[in-house]
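Look at the two complexes coming up: chain A is in both, with chain B in one and chain C in the other.
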Partner chain A sequence: MMQRGVLQRFSVIGLYLWGFRVGVLLIVLWGSFGTFQAGCPSALTLCDFKSRYAADVWLDLVIYGLSQGSVYALLALGYTMVYGILRMINFAHGDVFMAGAYTAYYLAAAFGRSGFLNRSPLLALAAVLALAAITAMSIALLIERVAYRPLRRTPRLVALISAIGASFFLEYAFRGFFGSGFQAYPEWNIFKGEWTFLGTGILRTQAVVIVASVLLMAGLYAYVMRTKTGTAMRAVSEDLEIASLMGIDVDRVIVVTFAIGGAAAGAAGVLYALVFKQVHFFMGFFPGIKAFTAAVLGGIGNIPGAMLGGLFLGIFESVGPILILEGLRVPGIYPAGIPAPYQLKDVIAFTMLVMVLIFRPSGILGERLAGKKA
Partner chain B sequence: MRTGQASWGKALSLGLIAGGTVVFVSLVGMVEALGVRVIVVGVIDFGRLLLLLIGFVAGYQVARRDGGTGAPVVLLGGLVTGAVTGVGLAALLLLGSVVNLRGMFINASPVLFEIISFGRGTAAAPVVVAAGALAGLLGAAATFLPSAVRGPLGAGLTAAITVGLFQELLQIILQEGSVRNALREFIFVPEGLPPRGALGIFLSVSAVSVVWRWRRPAVQGWVAGRPPQARRVLRWLLLGLAVALALVMPLAGGLFISQVLVLVGLYTLMGLGLNLEVGFAGLLDLGFVAFFAIGAYTVALLTSTSQYGIAHWSFWAAVPVALVVSLIAGLLFGLPILRIRGDYLAIATLGFGEIIRLLVLSDALRPWLGGSQGVVSIPKPMIGAFEFSGPTQIYYITLVASALIAFVGARLRDSRLGRAWMAMREDEDVAEAMGINLVNVKLLAYGIGGAFAGMGGAIFAVLLGSIFPHSFSLLISINVLALIIVGGMASLPGVVVGSLFLVGLPELLREFSDFRFLVYGAALIIMMQVKPEGLWPAAAVRRELHKDEPVGVVAGQSVAAERTEG
Partner chain C sequence: MKRVKLPIALMVALLLVAAPYFVARAPAATVGPVTDPIGVVRVNRGQPITIAYWFVIAGPDASLGIDTRRGVEIAIEDKKTVAGHSIRLIGEDSGCNAEGGTTAATKLAANRAVVAAIGSNCSSEARAGVPILWKAGISTVSPSNTAPDLTDPQRTKDWDGYLRTAHNDLVQGRAAALFVYYALSVRRAATIHDGSIYAERLAQRFAEIFKKLGGTITSQEAVSPTDTDMRPVLTKVAAGNPQLIYYPIFIASGGFITRQAKEVAGLQRTILMSADGTFSPDFLKAAGEAAVGMYHSSPDFGAFAAGYQAFLQKHQRKYGEKPLAPFHAHAYDAATMIFAAIEKVAKKDSAGNTYIGRKALRDALYATKDFKGLTGTLTCNPYGDCADPKIAVYQVTSADPAKWNPGAENPKKVWPR
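Our next item is the complex of A and B:
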């Protein structure tokens, strides 16, 4: 990079970007400030530091965010591994997640009808998770074979468009198979209510989701770090050509990557359905995008980064609307903060996505990928 | 592959794939939905035809892949492939009679099984296998026909199927006028296309095709022999004919056709805008619908007589404002994402598009934009006392706007700016090194593309008379992207072809529209592998994607032209 003059460095675009950054920061600060100034007569007077909500409400939000975020993290693993190896966005990954959850719904419903669900709940949960993982894995492999493998040497735009096609194909195939309505996931009786942990009550489903995904992630991480195939995966993601020169069967590694990512997505789908208690053919789309956000946030290609990014995004998404938007008092327009802030929780997630892509495409833990030729 | 064993394996695996496809289209609901559309009365409906076509194509593929072996082996291969396909369907039939599949697959209905089994229950399983085998055999046999026979046969069959598919529509069009009525009575019966009509169409189209094949070299030779001026006149005549057809179509086709054509026109407008960004400049934009929404909301707010209307302007005064607003929106949208490249750009734009939709939908902006209730009572455009009241009238606004914008697009493509876009598409770093100001060029792509889509949005607002945030979902962005890819990236006629195929066709085949996105998805995947340049590709893209083919004179000419200009 050549030495640039001062004037050149402060270009109009640089200023605009700085304005963007400062604006978002101001909104966040002003909103959080407002939230902790509850009970003030006007937005501009300073009162005692007092939160609008009690501490355990915040804790509940954080735990909800953690359970949400651990699902994102599981899903983000698939994005990050595929991106690390193939440098492509597996746009259909969210729909693989949906496919797993939706197919396993029928097993869960059958268990629910036969009573097996509550006779041996953990076994039932394991079976449902396993079916979801296997279905999602097969679908991920099918997509890889049909839509991605023939395009490995084409421009990346071509592969991305093929991935978008695969995503729509999956969504509407499932719509055709299973109908366009919502299906209510059966509830496990033992997961109803709360557990008390260190003096605070945690919703049981959320605890189950967090524990299950942490276990799955730990297993995955161990697989990638400890096994021979995992080492091969890391080698391929480091440099595909050199790895193939070293005798690594790149095709096999790619297949394994898709299989693992797909299985994790399927399991994540069931966990997601446990929290939201329903499945739908379009349910994978937004979690998919958010999980991609999480992967980018953590530094794409980086497995611990994806986990961290998912958790961070989940917490931010659940705390953000209350913390920032509800306290965002604009005199004259919104004297009492933004109305219905939860409607805008996706706006927060997407703003975060755009901000990360603009200002730190390498993410929290990532290497500098964006510098490489896109 | 030439050895016998390998070719049997091929036949078996292709048959299994085709069998899977047949089961898939049955369970996904296509067969039942399309079964409503009878192609030839008393003979076949579209659902069954689809199943047979899959067997046919499988047989054809197997036969084509091992052309080296002898005819009996190839035919047998086709037979086996088709039979395996039929076995897949028969297995579904038997399974459906034992287990109630409906608890899981909502489309595994009695109607579906009746279509598959010809109403004879499980006893029909051998018939199904035989039908598959026959279709596969015919497919294999088709490879042996000389192209002079295959061409006309194919054309005749396609024509008969098309007429059968659209018989309802054609009957409505042919209702008025004594000549048209006589033609209708000659071809159709009230219930649809009878066998004699189908045979008539098949024979006449085949005959025309034979004649055309025989005379084509002569006609082409005659045209090539004309002096350039005369050829230009001929081209203008052809263009004039197309324009006349476009002008007359809604009048002849009635309200439904006009409605479909307006939609095609709107998607063409959006496609032209996105084509500028994706096709020319190589900036993949998945949030494109935001500009469409901005154009629509600008016109709605400026003209509406409801509580959200702020100015009560006329449509004609609001359109330029909508164009400017969406242009500025494009610039503002482009500024922050200037440095993002490749697929990150796609995701960032997707995020932007969703942010706009969610904001419009939210309660926070409800006092100004109406939230989920939208903006209603947008008056129709007027010229003097003439009101553009319905789709038939608004179609002409769309037509004029599309023509205008296609012209602007064509001029832009050939301008300095267009060349800069294409240079940037090929390689940003090299383009910058060649002295192209990437910032300006990118911003102009976003701005102008956004303005084109804003134009579409403006017309959309007056077409419906009311707008809701739900009309601006991500699916529209995907739709537009799909149509420019299917039509051919960076190709202006391709946009029109793409929107006719992807918007017009599903609208005409109402039963089909439930499967629109399913077919889009499959089409995108298949297009990317088989024909990534699209149906009507731009010359440069075609050359690039088929590097192994001889480049020929065209490339030489354009290189020479570029040299003289530079």
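Our next item is the complex of A and C:
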């Protein structure tokens, strides 16, 4: 009996999976190690432990990653909350983000022309954020009402297809309204330049983005954990039927979920535009995919997991290409590491996703919830 | 069972028989007075001759396609009739990527009325689309493809119908390197491309010549065209301490690099230089104040033929603004070159219908010699390079897209003097 148990455990697929895990891990370790062997003549000898880049370069990269990651995190919240409650992936969420940023652009541009933007910059930012959040929230609610609610009793796949349709609808509706070109946000003068914080310079826009998203996420987390509606949301996410038997208005909870997710996406859109300036009708697609990845990375359905996943993903994207690919010196083929590693930024991001999923299939923080939901 | 199988077998047989009809290819044919090994287009009396463009007319790089389309439109207005027929212009958006090029070329190839095509704009589109058009017997003249591969002597037969009036980047990359090395006295430079064939080859050519002159390339990086956060890659570039970054890419990503370079430690004083792909008022919108002082390599408008001034006046009257990108005159030349070739090979029957042999048209285009165009005197080599290439370097003096007036003001021509 005992012997068969051991043999069963070593199935072909299991062995393959373990081989894969070990292989990926070895590549990552080999690459990271190689990066800190700069100036070493051969990939096979051991030299002093130092990289081509000074410590503050690494710190800068981490800060860039944090600011990009906090936008991902804000977006990932929307994916994860909707998934927690409806077990549905709202693929139109990236376009809700675009809708907020694009609509608010016109307010920001008007403020820029009238000079209000730099006369009272914080008020202007608050107004732009509010408009983006309200627009995104209304669009999220509209999609929920039109594209998802009628399909609530159908198999999950139907709602997923409907979500993809809603995503295309939003993209091309905005293309129809505002054209296929791009617009550029005006610059806030107070956000130009750097602030020095603990001895390192940090770009003001990035500091604003990190602080604003941390505040928003903290507020959101408190709302879900401390308020009555938040408790209802958690109850519905644990068991929709029992929650409705307990007298919870499930429809209302779902509406609130979409509203909060939409508002967070709208705010994320403005923060994104603060850093990158350009807005266009397709801008939501890639951040949407990345945020979805972040939500899965953190454990989909889990709110702190989404935040953590977003930040991780941002940092992987920023640091990963230098850390792993540049040091990946393959004797004979790439003696100096993989050339132009930032072209493969997305490969790093999605490899990290694969890594997390093969070691922890339910995501970084997903296990606790996954057990109950299965 | 048999009853089901028989209809299916019949249907398959029918489809097989009908298949050649759906495949866009032009068989050898004799139509009217013309025999041509590829095919013949018949244009009935009183009907227009159809010319198609495939340009990027939507999205962030739309300025490039709209600019070239305007060049073609003005050429048609000037010419009015070809071989006694009016000219009808149709077109497809080609999206500035390989997928868009395939789609646009497939649509045009299915239209048998198309006599010749003008396009594409981006070299990636051409690489995917040109073989599709040529399989249907359609010759295409590009006003703005610059990647050297497209007219390389090693190219395959699929490219027999391809020509261009734009410069080859072997010329532009060399000019940019000469300017950087001698006029700016820069000895350390870095390059960034976006994986498109245009950017990759141009950056490569620049680096090659710059190294040959004695300069050092500190790093050759790449981003992807949809990237927005360029700070990490710029941080890596900064570690090599270059005096200049050459990034011959497109408008959206070029804008991100320009803005973000000023924010990365160690690059605040680094000179920025891009190429003809970002030479547009839209780029100033994308890059903002950070663009002021940067350089672009682009065609030398000052060296164009005398007719160019009249063209600019027509352009101003018709569209109410300055040209949006560098290739309007090349598009004008591509169109007039095609008109001249059509007139050379078109034959009429007694009823007044016109017949144009596709192979004959292609040969006539390749035989273009000492053709007086707006961009200079065009002569096509056996691989379709027809340009009379003159490259200048411009410096941006104002970030206001409304002040776009290349040459004298913004961007101001700084080289050659």
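We take it that the second predicted complex is superposed on the first by the 352 of 374 C-alpha atoms of A that agree within 3 Å, B and C clash if a C-alpha of one lies under 4 Å from a C-alpha of the other, contacts with A are read in each partner's own complex, and residues count from 1 in each chain.
The criterion applied here is as follows: a residue touches a chain if its C-beta (ideal position, glycine included) is under 8 Å from a C-beta of that chain, and two chains touch if they have at least 3 such contacts.
Treat the numbers as computed from the prediction; the structure is a model and nothing was measured.
In the superposition on chain A, A:Asp56 makes contact with chain C only, while chain B stays out of contact range. In the superposed model, A:Leu129 lies in contact with neither chain B nor chain C. When both complexes are overlaid on chain A, the residue A:Val158 reaches chain B alone and has no touch with chain C. In the superposition on chain A, A:Gln68 makes contact with chain C only, while chain B stays out of contact range.
Taking chain B and chain C in turn and counting the residues of chain A each one touches, the greater count comes from B. Once chain A of one complex is fitted onto chain A of the other, the partner contacts of A:Leu365 are absent, as it touches neither chain B nor chain C. Where the contact sets of chain A with chain B and with chain C meet, they give residues 339-340, 343, 346. Put simply, chain C touches chain A in their complex at residues 58-60, 62, 193, 195, 220-224, 226-229, 231-233, 235-236, 238-239, 252, 255-256, 259, 263-265, 282, 285-286, 288-289.
Interface residues of chain A, counted against chain C in their complex, comprise 52-53, 56-57, 60-61, 64-65, 68, 180-184, 187, 201, 203, 275-278, 280, 282, 286, 317-319, 321-322, 326, 339-343, 345-346. Within the complex formed with chain A, the chain B residues making contact are 24, 27-30, 103-107, 282, 284, 335-344, 346-348, 350-352, 354-355, 358-359, 361-364, 366, 439, 478, 481-482, 485, 514-515, 517-518, 520-525, 528-529, 532. For chain A in complex with chain B, the touching residues are 13, 16-17, 20, 88-89, 106, 146-147, 150-151, 154, 156-162, 164-173, 175-179, 289, 292-293, 296, 334, 338-340, 343-344, 346-347, 350-351, 353-354, 357-358, 361, 370, 374.
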